[in-house]
Each structure stands twice: as structure tokens, then as C-alpha cells.
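Chain naming follows the written order as A, B, C, D and E, and within any one chain the residues start at number 1.
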């Protein structure tokens, strides 16, 4: 009975949503002509290359135009880690060690992971270093790096993450982001102002001023945060969960 | 691509499928009793939202908004970059929420020894 | 100076008259009751002897200062009421202070005595006294209502609250109140039954089971003062009724006739009545007398 | 500095100092309180000036403080009684805890009452009103433990009253664009009453609560009875008079000063309401209050509660008088207001003395204190005589004026009702005298002593005042006449010791007093001389029950079911008490509230469902909600 | 470096990232750094508020891109007032929670970071000029709030946190849907730009977007059927966090609703809608509060009720009403803050937070009880405390619009409030002492200081309301001046 009611309610919601989206035809050009930009998106498409020197417009938006959002996003991730730490915090008894839920895995998986790990990390770093040139960027790259660590965490029961190092990476990356922003405030008058580093030439590695720097920092930070989250979630003592 | 006379059908089916995903997610949240399933439902709804985001950014014949050396200077139609940027943020936030949700599920399970939401009602009225 | 002397003399004369008449009425009542009951009864002047006897007796014990004061309260009250009622409507000696008080004042000075009495009775510590007092007070609340209704009817009808004025108006118009507003009179008459505490409203004293009620601890001079006070009080009330309903009196003889007739009504009524319990008497007053009072008042308003 | 500020500063400052100084010495706190009130009184009457108005602006509103002749009349009550009550409290409260707290609220109460009287605008009126309310609440609950329900009840009713008033005030502001009371009176007199009835009714409700008007009185008996008596004398004597003060403004200034030709009804719910109708309602409510208060009073076994109910009844007279609104009735009402403060203040103080010395005021537990506490008895006796309205004490004057006012203006049935109440009042008057001071002396009270002198002085002063005003009411008529000129009765005629009505009938109080005292003294001399010798004082055990001396263990105490026959006679009137009605309402509300909160089921999914349901409702009705 | 609104965001974020590093040096830094940051932000508030009152709204551009292309922060008299209020409350609560014993038993590092971020997120919501950025800040508030709610292990915090998260996730879904529709129909995310262009959206679509937003943000603003999370979260979160929720987080949600109605969308009926929803919220919440046995829960319901009244105030929509609404918000922040902070010590050792466990605590904890009583007096609107003035303003505004029924309902609710608050006070002072003196936790000196600050403020504003009314007036003007807002933000484009 409850099912039917809920379905009916959701169908009503769905009906109204579809009805609303009827105003927005799929695939229509809503950007408008270059002379008459109808959305901010059009403005970005028309001006990014010229004004920021970044080939990937999305990166420019994420890191610069809407860099403040990204700062918030990074903070959300940071908070997620912190929050997880606080929610799952457990006062450790004397001599007690973190123990992972995972079982000792097969030799095949272990070897495979060991071989793949450096390549995955490399790929991840590549992705976030080239975030301003190619698809991808700090978040994607960070996620890839975290996947590498996830492989190791799953494969090796005793794989130890340096918590200290994670904290350092996390914090330094965050500090870099904010400091660059503040530096912009001091030199250029606005927070995250992309003015104190030359823009460079389009489509080269060193282009876009602060954008790649921030994105790399973001990449490190995301990698560290995601790894941290995975580690925390995997480190629940199995004995605590009763069947 | 030109949808021509099928414009409406395409619109409804593209958006409709994304919306359906959202609704399925919400259904799971509202009906399923298992906490994990509820979290899955939330993720599903999130995924639907992300799809919608990308869909509204699409425009006919558009390419990725990257001025790689091959497209610089040429008159290429590009899709709206803003929704893509937004969806990235949304994904990250969705991840964070899911992570927190899962950790709370773990806590709840430890505390109440059950993962059924209708049995976790010590706070009421 | 002369005025003051006249006033004082008049006051004393009034008091003596009231005392004598009141005591005599008391004696006559005993006689009447006895004759109705087919007894010989005491002499009508028996009450004088009683008072004199009591006055000459020595009081042996005293429970406290309030008991000592109680007779004074009741005496004061009786005399004050008397002073503020015009005895004869144009008498030189008997008008006293009647211009300086009015009906409402009289209504409020009347309980002064019983209250003092009650206090004295309370001081003695005799529970019977206190029971008698509560009965008396309760009954008072009962009969005051029709009484007040009829008084209000009077005041409304004559547009004055002064007794003197009421008498004058009645004399001038020649129509007594009893005729112009019989309902009010009847209500007041019923109230009077309660006021004089003859049967069926004699539960206050209730000699049979209460050992004579509030006064049970009083003896000797105290009792004498109390007896004479209540005689004065009785007379004063009768005069008030006569003034209000019978157009007052020109001279003492007329006054005596009117008051005596009036006085005999409750006495005779009491002869043929059993005794009511307190709440019965209260509810009695709140039935017919109350209705009569209301009718009288409406009569007066119209 | 301005008089008003200084007075309030002294009182509020005194409040804080006596709160703080309690740490030093328990006596000091009370002494500071007394000094503060006394100095405020002295300062105030040295500098009093009715034409002096202070204006200032706060929070965007204009405030005006000043003194009119009406409020001047009430300052006598507040400051006079306040000073005496603080003096009384020094000894009365001596062995209690939290004296700082007590005096803090006490002085706050006095200060806020003065503030009310100073206020010429509604908003500061309301502010002081509320300060008065909560400070008195804090004292009501001072005695602890069993008082909390009483306190809540008091606070609920005060809240209802105060917020009714506030509602009216804001509506007035919306109409008049000014908070000044005078402006509102002007406004009403210009535009008439139509459309403003709700404001006036709400104001009446607001003031009615404090002056314990039926059916808003249920808080009063227990609140009065359970506060420390030093405060109750002020509570019942002065604080309730603030309601009277407000009512006199509303009923007299507002409801008489408008164009009499206009009686436009509001239509709908307020069909048929006009100024006269409101006043008739209030008159009858007042009269019913008086009757019910009296009937409940004589049922009580606790002297404090008895007096509390009696206060309600007395306030009923006052309100009826005000609502009748003829010159005589208003004069009587105001006179009674002052007198009530005096004699009820004295009575509560006396009861406090009894409570302090004998440990309780439950009349079934103590009796026969007259020999132990003669002065307290005298005070009680005189106050009771005044309360009962028996000449020659002051209460009579007020009652007389009230009755004459009613009769001469044609309120015949009201008169009967009021008269019934005041006759029945004799019953409880006697009850209280007998119950505590007379009757059998009990073993438990063998060690009771007379109250300390500093408690007796204020009581005696008040008792003497009732006597003075009984013979020379003109002393009070002067300020009352002034006060009445403020609320629209010009040229009120009064004489020093003669009261007269419009029909020309009069009572000469000097003759009355002369007669009574002469006769009384003559009789006393006679009896005392005659009986001086030979009588001996005996205990109350030495009585002649059927000619026998009672044995030691025989129970001679008569206290329980004192007025049982009378209660039986009026039993139907006791059947429906407002208390029960309110309790029923409260219980059903409770059940409803408990039901409502089950909306919050505790299940997260349900909450999520609510969101969806809400969303769906909004979406479906979006056209009708947002058109 | 010129002080600008971005300091509100950047400095705490920097601090949040720095804290883990400093924690390795000395644990004490974890506690102190947030305090320093909040102190600095208070200074910023003072400077900026002065600036605003002299030169008008400050619109700060970020990353050098003028709106609507970049994100901007708007520090108007209105948003600035709220931001300053939040900063101040944050500071006070920090003082209170410094070395709060219960928190120190738990991972303190995390607490202070989360707490700082809660405040930052709320301030970000208030200051930002971009709707998506607002969403991001909302999530910052959300995630820190979920974590803080379930901070204590020994309670049902996780349950409350999960409910909160569930509804919060619903909220984000709905808000994102709204943003999608909004962006696809007018192609901008800047709020001023939206305000300028919202008339271009077809009405039906506009209303749908509005509904999605209102329901989404209504969850944060504790609107009636959407507030199931609130009582649980308030009652299970640590005491200071409860104060922060009611003083800071909810205000942010309310701010968004106000912005939506006043600035972003011009939808007929939205004001009436707000009044009705506010009334329903208040009535249900106060009625539920009436019968609570759990002190914190009672305060939570009361808090919801107050927010309902704030909604009503903003629904009336006149300048006076807005002043009233802002005053209510201010009062609610300081008074409810005080109540939460003091109640924390009152029910310190009772895991069920029962009101009945308060018996006679007035003797054991005189100062805390006194402050609680003060707060209770103020919140029910008794003069001469600050709560009175806000209620008076509200009633006057309602009377001005002839909303008699509204006045009546608000006052009836006030009576209900009296009942349940005074019940607690009675318990505190006029009941026999049940607890032994060892069983109560004496407040630390800094907790006393912070509570006293709030208490003094309540009395000060109550006696002299002009302290704040001028700011409130400016804020109301700023909120009503929609054209001015648009012009200020989009100054570069229009020129």
C-alpha cells in the first residue's frame, strides 16, 4: 500500500519535472550568437582562451571563473574526511592497532596490484598535471591516484598508509590553494586573481598562470582525501560488527 | 544530429530517463528499509541529477569545450561548459555525502545492531 | 446649647421608652404564647423583674476581653439604630439623629451588634455558642435578601433612602406603603420573621439542644445588658417597619398600636410553625419572600 | 534629574543593592529595601507635580511619563502600602532563605507599579506591567515546591491578560500611530467606538486578569495565599489595583468620552455590541465575581485562602462600581479601592504575623490566639469591620457610596447581588476572627507570642487609617475628586465627614461615630466598673456544657465545616467552578498537543516522505498558491 | 591588505587546513586557532559594518571576473548584519566550548575544524552572490553539521545525524534540480543576474523552480513538514553545536528563503505563502514543545517555532516587518544560544536530558540556572529583555497590515511558550534538590564568560534597544532595495 502511494507521489513529481523540462528542448542552442551571449557559458567559450590562456574551458571555469566553488568543493571533501574521522572515531586501547576489514587476498591480486600501482599513480598525476590542456584535471586525477591506493589497500591487508604524510599532503595542498587565492587578493585586488603569473602560450604545459598550479594542488588534495576516506572506511574492526 | 520531428520525443526520453533515475533513487530512499539501500538510493538520485546536468549542457553537434591545437581558430560548435563544471562539483559533493552517510550507517549498525531504518526510532515526538 | 441638651434628653427619653416598650412586648409575647398553649403564663411585667434580677447579680467568671465587650457591642448597635430612626415623624424629642443616617446606614449598623455578640460568644470557647452564631449568621444572609429587595423597592418608589423622607412622603400622600406596594411589604414581613427569630426560625437560640445558643456563657449583668439591648433592638426594628410601611406615627399611642400589631404577626406565625433547620430556613427565604421581593421591586420600578 | 527617573532609580537600584547585600547580612537586605521604599516615598511626595511630563524616545517610539491625578491617587496605595509592607517584611522574613531574591522582586514590583502609574503611553505601561507580572510570579513561587502549579497558573493567566493587552495596544498603534494614552482617548472621542470594540474588550480582558475578574480569577486565590504574606498585602492591596487603575481608564475615560449619539454596531460577530453593552457585561461580571468570591471564601479552612477569595470579591465590588460609572459609584469604587488596600493589607499582614508566630494559618489547626496576640487581634478586628462595611470604620463609606450610586442610577438587581455578597461576607469575617483568635485555646499554641514590634507598627497604622477614613472620609475624597476630574467627572462635590447621594440623602459620619463611641464608652464604663470586682479570668475550658465542667480531653473545638448549613443551602452554586472548566480545557489541550507531536514519528523515512508530500502538494496547487 | 568580505571565507579555510599541521606541534593550537580566526573575523565585521553604513553595499568580485561571469560576495547591510551576527555567535560559542570537557574527551581536533567550517559555510551562504556557490556552502554547512550532530558516541547522535543527512540529501537533490532548470532557462547563476532576468522565465516554470528551491532550502530553514531532522539533531548534538545550529545554521537557511522571495523571484503569493507556512511551523512546533520531557528537544522545538515566527515576519514584507524579522533573528540567536549553552550544563550528566532531572538545580548551579531563567524570560518576550522588542515590532507590523488573526495566533503561542518555559524554571528553582553536589558539572570560567556576554546583551538590548535598531533599519532597507542590489553587483556590465 505504502509502495503504491509513494510511487504515485513520485510519479506526480516526475510528471511536473518532465513538464518543466519541456520548456528546455534537448540539444537546443541556448548559448546564443557570439555577439549576443545568452548564457555565461557562451561568454566562457568566447573569452577563455584569450583571457586565461587555458585550452580546457571547463578547467578554466572550475579553477578560475568559479574557483571559489572549487575551494568550497575541496573543503567539502576535507570536511568529509574530518567528519568521517570524527564519526568513526574510536579511542584506541593500549597497544591496539588499526586493523582492516579486508581479508588477505590472493597472490594473483597482490602481484597484479603491485605491478599496476605505479602506473595508476603515474596516470593520475598525468591527468591532473594536464588538467588545463586535456579532459580531466585535479579531481579526476586525484580520483585515479586514490584508485591506485585502493588497489593496494584491498590487496595487502597490512598495507600501511602514512597518516602523517596524508595529513601533510592534504594540508599543504589546501594551504597552497588558499594562499594563492590570498596572494591574488594582495597583488591583484581580488581573491584568486590570475594575474601574478604569466599566462604562457596556449596549449603548452606552462600556460594559464595559476590555474595549473591550483589544479595540481587540488589533485594532490583530492587524492589524499579520497585515500583517507577509503582508509577510514576500511579500517573498521570486524569484531565490532555483530552478525 | 538533427532530431527534426522527433525533437519532443527525444527531449522527453533523454530528460525522462534521467528523471526516472532520480525517481528510482528516491523510491529506494522512501521504501527500502535497509540503510545501505537507502544510501544507494541517494547515490542513484545523485546520478540522475548529474545526467540531467550534462543533458542540459548538450547542444546539437557540439564537441567538448577544449581548445586543443586541432580546433583553435576553427569555427567549432562546443557544448555549454558550465553544466559540466557544475556537475564535477556536484559529483564531489555527492561523494562526500555518501561517505558521511556510509560512516553513519556503520555507527548506526554498531549502536542499534540493526540496519533497518524503521527499527531505529529512539528519537521521536 | 439648648439644642444639645434637648438632644441628649431626647435621646435618653427615647432609650428609656424603647427599653420599656421592648421589655413589655417581650412579656406580652410570653403571655400570648402561654394563652395560646392553654397555660396561664407569667405576668406581662415578668421580664422587668428578670432584667433587674440579672443586673443585681454578680458575674463570677470571664473568658476574656471580647466577652466583656460583647454586650457593649450589642447595646451600642441597638441604641445607634434607635438614634437614627425617627420614632415619631414630627416629634421634638424623638427624631434624634434621624436626619443624619439613611436606610443603607441602618442596614449596615444592624449587624454590628450581632457581630459583637458573636465575637463574645466565640471568645468563651463554648462550641455551642459558635454553632449558634454560625446558624444565626447564615440565617441572616437568608432573610436579608428579601429584606433588601423590599427596601430597594421602597427607595426606588420614593426616590430617597432617608427614613424620614419616606415617612414624610407617606404622610403627605396619605397612602401607606403597605398599600402602594404590598409585595415589598410582604417580602419585608417574611424577612421580619427571621429577624425576630421566633419559630420556625428559632434554631439560632435552639434552647433544646444548644443550651440557649450564642448567649450560653453569659450571665449576670452581661445577660441583663444583652436582654435590654435586644428589647431596644426589637422596638427599633418595629419602629423602622412602621415608618417604612405604615406611614410612621403621629404620637406614641399610634406608634404602640402599630408596632404591637406588627409584632404579633411573627409571634403568632411562630406559634403554629415547627422549627426549620438552618439551610431549610435559608432556602425558605429564598423562595416566596425572594419572589415577592422581586415582584415588589418590579412593581416599584414600573 | 527628573522625579520619575529618580523614584524608579531608587526603587530599582534598591532592588539590586538588596539583592547583592543579602550576602552580607540577612537583615540588611530588608533594611535596604525599607530605606529604598521609604526614601522613594519621601522624595516622591516632596517633588510631586502632576503637570510635569517627560518625553523621550526609545526604539523608535515616543514615550511619555508623567503623573495625572488618577495615578496620583494610586501612588498613595502603592508607595504607602509598599513602605509599610517592606517594614513589615524585615521581621516577617527574618528566618527565611533567599532574602535577596525576595527583596529584589519585591522592590521590582513596587518600582514597576510606580512605573505603570508614571506611564502616559501604552508601551511603557505594558513594559512595567510585565515586569510587575514576572516579579510577582517569582514571589508567588518563592515558597517553593508545592507552589509551582500555582505559579504556572498565575503566569498563564497573566500571560493571557498581558498579551490581550498587547494585542490591543498594537492595534491601537496601527490606528492612532501613537502610543500615548491621551491620544487614543482623543481619537476615540473623535471617531467613535465603532470598529474599536475589540481593542477595548481586549484591554478589559488584560486588566480584568490582574483585578481577578470572573472568569479570569482562578489564579488569584492560591497565588495570594501562597506568597509570603508581606508581599501578599501588597499583591492584593496594590498590585490588583493596577488592574483597577487600567479599568478605570478604559471604562470611564474611553467608554464615556465618545460621542454618545453613536451606537453603530460592528456586524457579524460583534453585532449588537456597544459601549453600554460592554459596561453592562462588566458590571455583571463584577457582581458575579463578588458573589462567587464570597461564597468560596466562606468555604475555606485556611485563613490566607479565605482572605484571597475575599479579595476577589472586594475587587468585584470595585469593578462593578467602575462599570456603573455614575459619579457616586465611581467615587465609591475608588474609595473602596484605597480602603481595600488598607484593610486587606492589614489583614494579610496580620495573617502573616499569625503564620510566623503560630506556624500556620489553617483554622482547623489553631484557635484561641486572642490572649496571645492581642494587638494582631485588634488589627484584624478593625480591618474585618472595615471589610464588612460596618460603620463607623472606613469600609462603610465606600459601600454606602457604591450602593447609593447603584440605586440612584437604577441598577437594582445588581444592588441585590452585591448586597447578598456583602451580607454573606459577614460569615467569613466571623469565620476568620473566630477561627484564629477565638474559640478554644489549643495546647499546640500554648507558646505563641505576640509578633515583633516592627511588624505590628505597619498593621496598626493601617488599622488606624481605616478608623480615620471612617469618620473623615473627606481626607480621601479630595484626591479622589481630583482623580475623577481626570477621567471626566468635573466638580465632584464632597464634604469632610458627610456623604450624600443625588437624591439629597446623607449620612453624617461624625454623628455616627459620635453616637457609637459615646454609647460604647458609656456602656463600657458602666459594665467595667460594675464588673471590675469579683470577676476572674478563666480558661476556655471552663465553660458550662450542660452544667458540667468539660474533662481535659473533651473536644470542644468547632472549626471544621463551619458554615455547613449555609453551604448546603447554596450548594448548587458550588457545582460548577471555573477551575473545573479550565482543567477540562487544559486536559483536552494536553491530549491534543500530545497527538500533534506524534507527527514527528522518529522514522527518517517518514520525514523524507513528508518532504515529497509537501513537494507534491506545492506542485499540484502551484497555480492556486502562486497565481 | 584591504579588509574585504572574502576574509570571512578564506581565513577560516586557511585555518582549517593549517590546524592539522599545527596540531602536530601542540594540541593546544587546535583549540586556539579557531578562536583567533573568529576574533579576527569579528574585527573584520566591525570594520566592514562601519564601511557599509558609510558607503553602502560592498560587492566583492572574486578571481577578477565581474559578475555574472565570476563569483561575487555581497556584503550589504542585510547580509553583513547576518554575517556579523554569525561571527559574533561563533566567537561566543567558541569561548564556551574552549576546553569543554565533553568535547575534549572526543577527537577535539575534528570538533573545532568542523565547528569552524559550520560557521564559515553559513557566512558563505549569506555573503555569496552566486546560487551554485550558495549550494556549495550549503553542503559545507550540511556535512559539518551531520558530523557534529553525531559527534558524541554515547548518544543517539548517529540516528539524528542520519535523519539530518537524509533530508539534507533530499534538499541538495531538489536544489540542484532547481539550479538545472534555472540555468537552462536563463543561462546564469549569479543571483543579481537572475533577479534581473527572472521575468524572462515562463511563469509556470518559474514557479516550479521556486518551489524546488523553497522545499530544498526550507529543509535547512526548518519549515514545517520539512523539519523532522531538527529536534533530533538539536537534542543529540553537543550543547555548543545546538547553539550554533539555532544561532547560525538555521539563519543561513532562512536567509536563502528570504533572498529567494525578496530578490530572486517575483512571485505573487509567495509572501502569503511564507506567512502561512510560518504560522503552521510555529503552531506545530510550539505545540510539540509543550509536552517534551527532554530539555534539549524542547529547546529544539522552541527554536523551530521561533523560526516560524521569523518566517511570518518576513512574509508580512513591510519595512517594519523586516526589521522585526531581523530583530527576531538576532534575539533568537543570542537568547536561544544562551539557552542551549546553559542547558548543556544543566543536564550535563543526564544522558536523556530529562527536564525532571533539573529538580532543584538552581541551588547547585546558581549562575547557570539564573542565565537559563534569564533566557527563558527573554524568549517568551517579557520586558525588559530583548525578546520583547522584537515581538512588539512584529505585532506592530502585523497590526499595520491589519492581520488581526496573526497577532492573536502569535500571542497565543507566546502563552504556550510561557507554559513550557516556566515549567522548566519551576523545576530549576522551586523543587527539591535531587542531585548530589558531586553529580553536577560546574561550568568552566570561559563558559561562564561566554554565557554572561549573551546574558548581558539580552538585558542591554532589552533596556536600550536603540543599540541595534539602526542597524536593523539599514538592513531592512538593503533587503528591500532590489534594484540597488542588482545595480551594485552588476555594476560593470551595466556600465
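One rule holds in what follows: contacts are C-beta pairs under 8 Å (C-beta built on N, C-alpha and C of every residue); 3 or more make two chains touch, one makes a residue touch a chain.
Keep in mind that what you see is a predicted model, and the values were worked out from it rather than measured.
Trainee: Between B-D and A-E, which chain pair shares more contacting C-beta pairs?
Mentor: Answer to which pair has more contacts is A-E.
Trainee: Can you compute the centre-to-centre distance for chain B and chain E, using the mean CA position of each chain? Integer Å is fine.
Mentor: That gives a centre separation of 29 Å.
Trainee: Centroid from C-alpha atoms only, then distance chain A to chain B, rounded to Å. What do you get?
Mentor: That gives a centre separation of 16 Å.
Trainee: Round to the nearest whole Å and give the separation of the Cα centres of chain D and chain E.
Mentor: Taking the average C-alpha coordinate of chain D and of chain E, the gap between them is 44 Å.
Trainee: Residue numbers in chain E touching 2 or more other chains?
Mentor: If we look for residues of chain E contacting two or more partner chains, we find 132, 136, 139, 143, 146-147, 150, 153, 158-159, 161-163, 166, 170, 177, 183-184, 189, 204, 208, 231-232, 288, 291-292.
Trainee: Which positions in chain A touch two or more other chains at once?
Mentor: As it turns out, chain A has residues touching two or more other chains at 6, 10, 13, 16-17, 21, 24, 30-31, 39-42, 44, 66, 69, 72-73, 76, 79-80, 83-84, 87.
Trainee: Counting only residues that touch at least two other chains, what does the list for chain B look like?
Mentor: Within chain B, the residues that touch at least two other chains are 22, 26, 29-31, 38, 56, 82-83, 89, 93, 96-97, 100, 104, 107, 120, 122-123, 125.
Trainee: Write out all the pairs of touching chains, ordered by chain label.
Mentor: Touch list across chains, by label: A-B, A-D, A-E, B-D, B-E, C-D, D-E.
Trainee: So in the complex, which bits of chain C are touching chain D?
Mentor: Counting only chain C, the residues touching chain D are 58-66, 68-69, 71-73, 75-76, 79-80, 83-84, 97, 99-102, 104-105, 108-109, 111-112, 115, 118-119, 122-128, 130-131, 133-135, 137-138, 140-142, 144-145, 148-149, 152, 155-156, 159-162, 165, 211, 216-217, 220-222, 225, 277-279, 282-283, 286, 297, 301.
Trainee: Quick check: in the complex, which residue numbers of chain E touch chain D?
Mentor: Residue list for chain E touching chain D: 159, 162-163, 166-167, 170, 174, 204, 207-208, 210-212, 214-215, 219, 225-226, 228-229, 231-232, 267-270, 273, 284, 287-288, 290-292, 377, 380, 382-384, 388-389, 392, 395-396, 398-400, 402, 404, 407-408, 411-412, 414-415, 418-419, 422-423, 426-427, 429-432, 464-466, 469.
Trainee: Give the list of chain B residues in touch with chain D in this complex.
Mentor: 26, 29-31, 33, 38, 117-118, 120-125
Trainee: Which chain E residues qualify as touching chain B in the complex?
Mentor: 132, 136, 139, 142-143, 146-147, 150, 153, 156-163, 165-166, 168-170, 172-173, 176-177, 179-180, 183-184, 189, 231-232, 235-236, 288, 291-292
Trainee: Tell me, which parts of chain D touch chain E in their complex?
Mentor: Spelled out, the residues of chain D in touch with chain E are 58-60, 123, 126-127, 130-131, 133-134, 137, 141, 144-145, 147-148, 151-152, 155-156, 159-160, 163-164, 166-167, 170-171, 173-174, 198, 590, 592-594, 596-597, 599-600, 602, 604-608, 610-611, 613-615, 618-619, 622-623, 625-627.
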